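Both complexes shown next keep chain A, but they swap its partner, so chain B is in the first and chain C is in the second.
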Partner chain A sequence: MNIDSLKLKKISALWIIVILVLFIASIVLGILMRLNQGKVIEQSPLTFYTNMTTHGLTMIGIWFAAGMVAVNYLLQRYVKTSYGVNLFAFILTVIGVVMLWVTTYAGKFSTGWTFLYPLPFRDLGSESWSTPLFLISLTILGVGWLVWSVSLMAQIFKKYTLAQAFAWQHFKSNPTVETPPFILITTVTLVGVIASLIAAVIVIVLYFAEYFSHGDFVNDALLMKNLIYFFGHTIANEMLYLGLAVIYEIFGEVSDRPKWKMTWYISLAWNCAMVFILTAFFHHLYMDFVQPQALQIVGQLVSYLASIPSAAVTVFSIVAAVYGVKVRWSIVNLLFFLGVAGWVIGGLGAVIDATISNNIMLHNTLWVPAHFHTYNAMGNVLFSIGFFYWFSTQYVDKLVLSKLTKYTLTLLIVGGIGFLMAFYVAGANSIPRRYSTYPVELTSGPYLAKVGALFATIYLIAILIFFYNIAKRCFVILSASSR
Partner chain B sequence: MQQHSIMLFFMLLVGIGTIFFVSIFMSSLKADNDSTGVKNLLKKRFWFTLILIVVLGIFAAATLPKSPYFTYANETPSTVIHVGTMQFSFFLSTKPIDPKSPSGETIEIPHDQLVEFRVTSFDVNHGFAVYDPSMRLITQVQAMPGYVNNLRYKFTEPGEYHIFCLEFCGTGHPVMQTTFKVI
Partner chain C sequence: MFRYFVCFFALTCFSFLGYANDNHSDFREEQNLYGKIYNAPLGIVGNNKVSSVEELYNQKPLIIALVFTRCYGICNPFLLQLSENIKHLQSNSDFNILVISFDPRDNLQDMTNLSKQYGLENNLQWNFAITDSIDAFINSIGFIPKWDSVIKQFDHDALLVGVNEKGLITKNLLGIRIVEDVHKMISSINNVFTPSYRLPTKSNIFSCFNYDPKTQTNRPGLGLLFVALPAIITFLIVTIIVIKSKRTVS
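For the complex of A and B:
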């Protein structure tokens, strides 16, 4: 096994430092947005929306990358992965992110991270060069991540047959080869990641085709919206699955509990999840009544179905691994456990919103950022930070649950709950999302924004403490020699 | 007040979820080396899955017929309002709107009668969200260039209703609003 490869350790440490720095910067942007909505500070609408666009794009990018870093690192236990491709993805990600920030801050590109067609062509106040530069930066990120995903997938298929990688042999009794759950989840997730990145490539090509046609070619707004949400929804969910793959792999060993073995129901659940997650995106188009009704119904049914394998297999397994048994608790598995709770609660908010008759009251209100921030900021982020802790401590010192760690976790929970509740209550009060300032009629908007900013600052303090602890250990890894 | 019911329901679920996860965590703190944890795991997992499927099935069966696509689908609207949208204005008219020189008119809608809004956009995607006099979102639809979305609604309370854009459409997004009266 090549898990102790110093090069892989160093590139992983570098990824982690960059991801956390960008995370902190993006949280600050989020707090500034809530302060502006709360009328504590005054930004121009253009500044607000460039911040919003940068915040969304960066968050999606870094937490996808964080999941990939973790999966790439742990995959070394089973197959050899390419250091060169990992480095290539890192370089392209850094270039892509720098270009995105140039597009938003120098070019004033401000369409939101969903860049819904045809807004990038009619983005008022932005520089004319910002749209092509934005598309080029997305292309660079897409190429880096696609090559990385395909490379990991290829390495899996070098060792496992197609049926083994998807653990289909476990549908029969007494399979001769056991597929580790980590391999199955990684394979299933990479299928979704590659599919979503291919959709992104199609979107970029269609945007460029219209851009260079000078009016001869015009895209179809409904098709573009379907493609953009196929990409956006899928990648946002797959990055959660990358985090779950990590939990399946290391929760047992850090908790002093047996590692999960593959069973027929784990195989069935993840194969179903792969299919469901690729069609759940239709729920983003419920309020487009011209979308075929059959797809709207599929959207609700599949959104419901997607929760079954997650709850019945993954959540149930983690609960069963903890309930009534002695567990060696550390910051790593506490973050995993807390993240699963956040994922479940965010999932409940998501299922409520994925119900068409509710969506008509909640669509594009602050209920939407409420639920996706729940399963990201209090779910997926915690999965990745748990991995970062595990990664950085395994070589440097032992995991201890100090008093400071407990206080930091308390800050994280209090800050997280507070800033999320401000979103949920605002959503239930019909406060729209993506408003730089609120019309005077929507009286609770500014007040709840101030509450959100206050608690998000508490959340940020916890993240800064985590950053200090993780980054100092990552710097030790970076400075280590190969002796 | 559907939103308040949703919030209450959600908070109930969050409360149950929190108690559940905290009690699971506490049970591990109390456990000693001899504790064996959950027994008959597969059987319990089966029942949990079955209950989850039944509950979700009931929710789907109860909510899908209430989807806006089916509401008032078999009735004929007594009033048709054409809605044109563009950065950062709404145009409401009882007559079709010319996208080259869009203009609107003051709209008054009789209460307890079915109205159909025919909503489109002349530039980017917008939202057409109707807020009642207490500023509660009561219905909405998207405004998409190249398409017309038909939204049907029966207003029961007279008063001034606000329309806000609920799809991000550029820097003027939060100021894009208009009003109409229900009489």
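For the complex of A and C:
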């Protein structure tokens, strides 16, 4: 085995183990939150909010990293990527996450994952050092990921011209060079990732400026909210696109079907997604009376334009790949298929919420965690676990659909759907999100929270089985030598 | 091309900066909100137990009135209206009132006389006080009285400041106000939500929009440029990468 590719395999295996361990820990935090809301256990509001903050930030961080690991690994098929940068990103991610957990658990930092202004400067029961440490941990994570993204982008442009990387030649008939869909989606996504990380850098600088100015410089709440959602909304979407890039690349080969080809409509849809996703975050500010109406309307329109074309072409491609033909089903393509379904269903829930007339009813209700957990826990997570399986079984074992795998998948689906339904029903009943305990008037809140906790535990069991299967193979890869 | 872009970018930045600086509105009630009030040592008429502002707001949220005893102008009608308003409140026990002199010439005897004028000398909710740290105290509020040496009077606002139990200023009321306004202030110092929006001040230069109360229009501020900045920087990064990469297209 070539030494470079072995190094890449080892670092990818290491990433996968760390990501899955953190995932399991974060699910436990999620279940604790639902148990507290269901009054099964009693935690102080401060503990609830530190759990919520840790859970949210860790989940976003690890599933973004999972997408990057997969894309970095597959990109090696087309261009040479840097092992050093990958390792650098890994080290900074580990340091950043450890600091983050210290901030939340030792420092009691508890603003929620969006750390909206001016919460980090408010006395929420946290230690005074927790705010600067939190900002430093975000800086470390941001630097690692920004360098990684820019490095991957630079490698792509070493081989492809600007027009080729964005597949613009496919707008004309009979293009001479074909851009693989994987390259297009990766490039488009890296643009969004870089923009969102730069937004985060600006937010951190502004927070530090206020922190060190001792009152001489004060931030504008509207600016901070716009920038925080530029970062948060964009990165949460881009990490899904990373997962989709992987599906475009390997769905065909794991299903014994031809590789997906680039077409003019795939190119158009993903170019639309790149442009429009950068302003879709305006839909997070519908309730901000100071935001001008024009931006609110832009928010609604681009929410449709960013999501519908890319979802339509992806669903079309995946249905076309499996409809009426013999497909070799394995855990990998099943997870991909289910994940796309979860992404589309969650996406529909999001588009409903991004429509101004509905948002008046659904804003800050549990409908919001309902839809974003759908495309994360039953969408993006499945894309990445599918990739992890594929990656680990490539070198150790074969991909087979055993009975145990089928049962595990059933547990995952039952647990996932039950957990999400508890959120959706509560959201439709106007139960608010981010409440550590519900007031007595909201009688269905605690009941649905208990149901959610139960099904989330079933989901967790499935994840533990997946973890065992994937991690044991990753350890074999880690101990492999180049001879 | 790149030079033109940089020039255009710099020009846009400067014109936005100009706009933002021009358009700071004069809604002084909204300034200094959520800042901490200075913990001045106090001498309080008939009260030897409490000796600082912090001790007072730790007991209960606080309404602060700023006056001076030699005032020929607004101070007396202002205090009279306040005491009337407080009498008319349905529930008036969940806060204390601090009437503090900002005139260094005032002493405890002057403040005792003032309290007697309103029959409040024995009312425990009312605290008439002086302090030797008046400058730091009024600075933390943003209250700036101007001394007029000709008429030997301060030119000043009639200002009520609402402070919650943590010492944070949650609401200001300028001028002689009706009981409903005082009611809103009491809600806000008891941490009951009252809608308010901190307007840009000199320390807040990156606002997205600047509201001009005279024309009632919202003008774009420098902050809007910051919202676009991530996309602009990304565009620049991609451009630089593309230019720098040696393309080896097959």
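The definition used in the following text is that the second predicted complex is superposed on the first by the 478 of 483 C-alpha atoms of A that agree within 3 Å, B and C clash if a C-alpha of one lies under 4 Å from a C-alpha of the other, contacts with A are read in each partner's own complex, and residues count from 1 in each chain.
Going forward, a residue touches a chain if its C-beta (ideal position, glycine included) is under 8 Å from a C-beta of that chain, and two chains touch if they have at least 3 such contacts.
Being a predicted model, the structure only gives us computed values, none of them experimental.
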Which of chain B and chain C A:Gly112 touches, first, second, both or neither: first
Contacts of A:Val191 with chain B and chain C, given as first, second, both or neither: second
Which of chain B and chain C A:Thr161 touches, first, second, both or neither: second
Which superposed partner A:Ile461 touches (first chain B, second chain C, both, neither): neither
Touched chain A residues, chain B compared with chain C: B
First (chain B), second (chain C), both or neither touched by A:Val150: second
Touching partner for A:Glu441 - first (chain B), second (chain C), both, neither: first
Contacts of A:Val290 with chain B and chain C, given as first, second, both or neither: both
First (chain B), second (chain C), both or neither touched by A:Val21: neither
Which superposed partner A:Ile91 touches (first chain B, second chain C, both, neither): neither
Those residues of chain A which chain B touches in one complex and chain C touches in the other: 118, 123, 220-222, 290
For the chain B and chain A complex, residues of the former touching the latter: 2-4, 6-7, 9-10, 13-14, 17-18, 21, 24-25, 27-29, 31-33, 35-38, 41, 45, 48-49, 52-53, 56, 59-60, 63-64, 66-69, 87, 123-125, 127, 129, 131, 135-142, 144-151, 162, 164, 166-175, 177
In the complex, chain A residues that touch chain B: 45-46, 49, 110-112, 114, 116-119, 122-125, 220-222, 225, 265, 287-290, 293, 296-297, 300-301, 304-305, 307-308, 311-313, 316, 319-327, 329, 337, 340-341, 344-345, 348-349, 352, 355-358, 360-365, 424-425, 427-430, 432, 434-439, 441-443
Contacting residues of chain A [partner chain C, same complex]: 118, 123, 150, 153-154, 157-162, 164, 177, 191, 194-196, 198-199, 202, 206, 213, 215-223, 226-227, 230-231, 278, 290-292
Chain A-facing residues of chain C, complex: 34-35, 166, 197-198, 200-201, 203-209, 218, 221, 223, 226-227, 229-231, 233-234, 237-238, 241-242, 244-250
